[in-house]
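So, here's a batch of structures to check.
Both of the next two complexes hold subunit A, though its partner changes from subunit B to subunit C.
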Partner chain A sequence: MVALAIFGFLFACLIYFVVIRISISAIYWSLSDPKDKAWAFRIYFPYYIIILFGICIAFIIKSDLDPFAILYFSMLYTTALIVWNRDLKKDLKRKHTIKKYNNPDIKNLP
Partner chain B sequence: MNTLFFNKIKSLRKQLIIWLFEHSQRIYTSLFKNHESWNLTKNDLLNLPEPTFGRHLGEFLDENNFELIPKVERHDCYHVLCGYNTDVEDEIALQCLCYGNGKRSPYLYGAIILGVTILPDYYTYYYKSYKTGKSANPFHHFDYKKILNISIADFRSVIFPKAELIKLNLYA
Partner chain C sequence: MKKIIIFIGAFLFSTLFYGKTIGLNLLLFSLLTIVVLLINNKDDFKNRKTIIYSGLYVITGIAVFFHDSSLAIIANCVSFFTLIGLLSENKSSIYINWLNGLYTTIAGLFHRNFSINKQQKVVKEKSTTDYFHLIKIIVIPLVIFIIFIGLYKNGNPVFNDLISKIDFSFINIQWVLFAGLGYYLFSNIHKPIEVEPATELDLQTGNILNKSETFSIPKLKQENQLGIILIAMLNLLIVLFLITDVSFLTSTVDLRASIFSAQVHNGINALIASIVIAIIILLYVFRGDLNFYKANSTLKKLAITWIILNLLLVLSIAAKNSQYIYYFGLTYKRIGVHIYLILSIVGLITTLLKISNIKNIWYLLRVNTQTAFAILIISSTINWDNHITNYNLNYAQSMDFKYLIELSNNNTILLKEQMKSKPLDDDTTRLVIKKYRKYITELRANDWQELQYDNFKLGSK
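What follows is the complex of A and B.
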């Protein structure tokens, strides 16, 4: 029974992670420059997270403040924040690297 | 076009928060604040000696064209102590800093939840402020009227670790 509960929980986590990942990636795919994640973050992140917050709150209220629902949707919201943050950091690092190697002042480049 | 549109919406979100702050503050003060106000004016504070906390509070009010708000004077003291401005994101970040410092009040919860929800653009700033508040010594319980005459540099050095003072650009 415990194993089944753990399996069910892990499966639910996997599903929500895939849904979040795809929904965020869909925003990047819709851009003219999908690699410019910093710009996408600045423009779309607030609205994405506001809508997600609204959806999470709606489901939590609909579940009569069930503790499991609160935990699940809090995790979902936090995961979305972490995924956006990770994408932004990766993009900033990429841009920093490009800028560094395009700088003619830097000597001893291959 | 896209950027302009989203910037316009962002400024509308900020205006909504300002409107909520202005109206909720009045209601909250009348309902929950029963203590006496300070009965001090901005000019009283500006007459204090240069290095004092009170003088800095007066200068802060003067720069922003404010007067002390009766019964919530300590909120402006937090601004001066932490060096935060009066922009919407700074107000929310200050509430996060106070939360990290251990302050708990219905207004603080409301401001953080509404602020972070409506203006999530600055969430890294909010998180950093929370961490700053957590690393600082508690400052939310002081009777600020009694410490208007102490040196601001000494007060800050007692509250914040040196690394945080440098981060906040307050290290003298």
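What follows is the complex of A and C.
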């Protein structure tokens, strides 16, 4: 029974991770430059996180503040923040590397 | 220093709210929020607007303490977001303040990790804290430490006894998690942030309408003709309606309750919709270059006449609603109709100003949201349940007593007092006493965080 519960929970986690990942990627795909994640953060992240927070709160209230629902939706919200954070850091690193290799001093190195 | 304040805030947050109902704690939280914001944004608090909004926030907190109504709690939340949003950008419109306040409350901490350069419009990573590493250096040693304790416990009975004596049962994990939530909240709000594109757009958008580059006189002439015909016909219709309405109002001296009720409900809903549509039509007609068309004076006069006639329509609805209240007592829905009518009057007057002073739709949105906010704050300070009960018992021609019993506890003490002066039947008396006793038990069970004004009233008796 415990194993089934753990399996069920892990499956639910996998589902929400996929949903979060796809929803964030969909924002990037809608941009003219899908790699410019910093731009997506500046323009779309506030609305994305407000809507996600609203959905999480609505479900928590609908579940009558059930502790499991609070845990689940808190994890969902935190995962979304972690995914955005990871994407942004990767993007900033990418930009930094491009900038570094476009530096004329580096190009002239033997 | 900043971290210490947030820690204290988190501790107080959990102390005030963990496992408690709303009461004095919301007022104290409002004061705590203002203190945290003041410490971190001293310069912003020199602004008069910020001081006024802080005052409004505290007033809603006091309203919650005096009469623990849902409306006062909603007003407190809205004024919280408004104040936070105002601190992020004090020149923006109130609806942008709400957006900024909401965003700061939800993701301020995360946003602040990435600073946005407004000139270059680029995002930079601000914080160099490696949270993953931080979790690693805490969790891994802790797990290994606990495993070794388990191993040593089996190897030495004295050590086993010593470990067994350690009792952490005094720590309430849920309380700590709740304090964590408080820490997250204060970390988010202590330095408000803004939704950059929306705020920038709002700051760039003024209230005045400008002539477009595609200004075409033949096209505007056609639009003007269409507008004149449409609004003239609507003017005639509304005049006819008002005449019949006045005759109805003057002839309803002895109308049956069911007919009156149906007429008022259906009629008011239809009239409310007509006022909204009227504003939308006017906004559509005067949306652009027609405002700058020289031969638009007839259209403008007709539009202003239509607005004035709509104002008369609002007054007629108000008269019907007041009549209804007089005959059948106050209810939340009937008060809601009056509040809606006040908003309609403001909407119509601002539409009139928009047309006569050539303002844009943003002006309407700004003024009307500001008015809605003001009405929310004012209405949150009123103990409606108490007023409804008082009016229905003393002034209304007839009323539903069951409705009064079903209202919140804010009318309980008044009901008990009225019971002494008004003769009530046995069933009603029993219901009042049951409600009163239940309320008194609830009041007596309140912790200091949940205290209400009625607790003090009860104490003084």
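Quick note on the criterion: the second predicted complex is superposed on the first by the 106 of 110 C-alpha atoms of A that agree within 3 Å, B and C clash if a C-alpha of one lies under 4 Å from a C-alpha of the other, contacts with A are read in each partner's own complex, and residues count from 1 in each chain.
Keep in mind that, in the parts below, a contact is a pair of C-beta atoms (placed from the backbone, for glycine too) under 8 Å apart; a residue touches a chain by one contact, two chains touch by 3 or more.
Owing to the predicted nature of the structure, the values given are computational and were not obtained by experimental measurement.
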Practice problem: With both structures superposed, pick whichever of subunit B and subunit C touches the larger number of subunit A residues. | Solution: C
Quiz item: Looking at the overlay, does A:R94 come into contact with subunit B only (first), subunit C only (second), both, or neither?
Solution: neither
Exercise. Applying the touch criterion given at the start, work out whether A:A38 contacts subunit B, subunit C, both or neither, answering first, second, both or neither.
Key: second
Quiz item: A:L81 contacts which: subunit B (first), subunit C (second), both, neither?
Solution: both
Self-check item: Shared contact residues on subunit A - subunit B and subunit C
Solution: 42-43, 45-47, 49-50, 53, 81, 85
Quiz prompt | Interface residues, subunit C side, partner subunit A - complex | solution = 99, 102-103, 106-107, 110-111, 113-114, 116, 121-125, 195-198
Quiz item: Of all residues in subunit A, which touch subunit C in the complex?
Solution: 38-39, 41-43, 45-47, 49-50, 53, 81, 84-85, 88-89, 92
Quiz item: For subunit B, which residues are in contact with subunit A within the complex?
Solution: 2-3, 6, 9-10, 13, 117-121, 123-124
Quiz item: Which part of subunit A faces subunit B closely enough to touch in the complex?
Solution: 42-43, 45-47, 49-50, 53, 81, 85
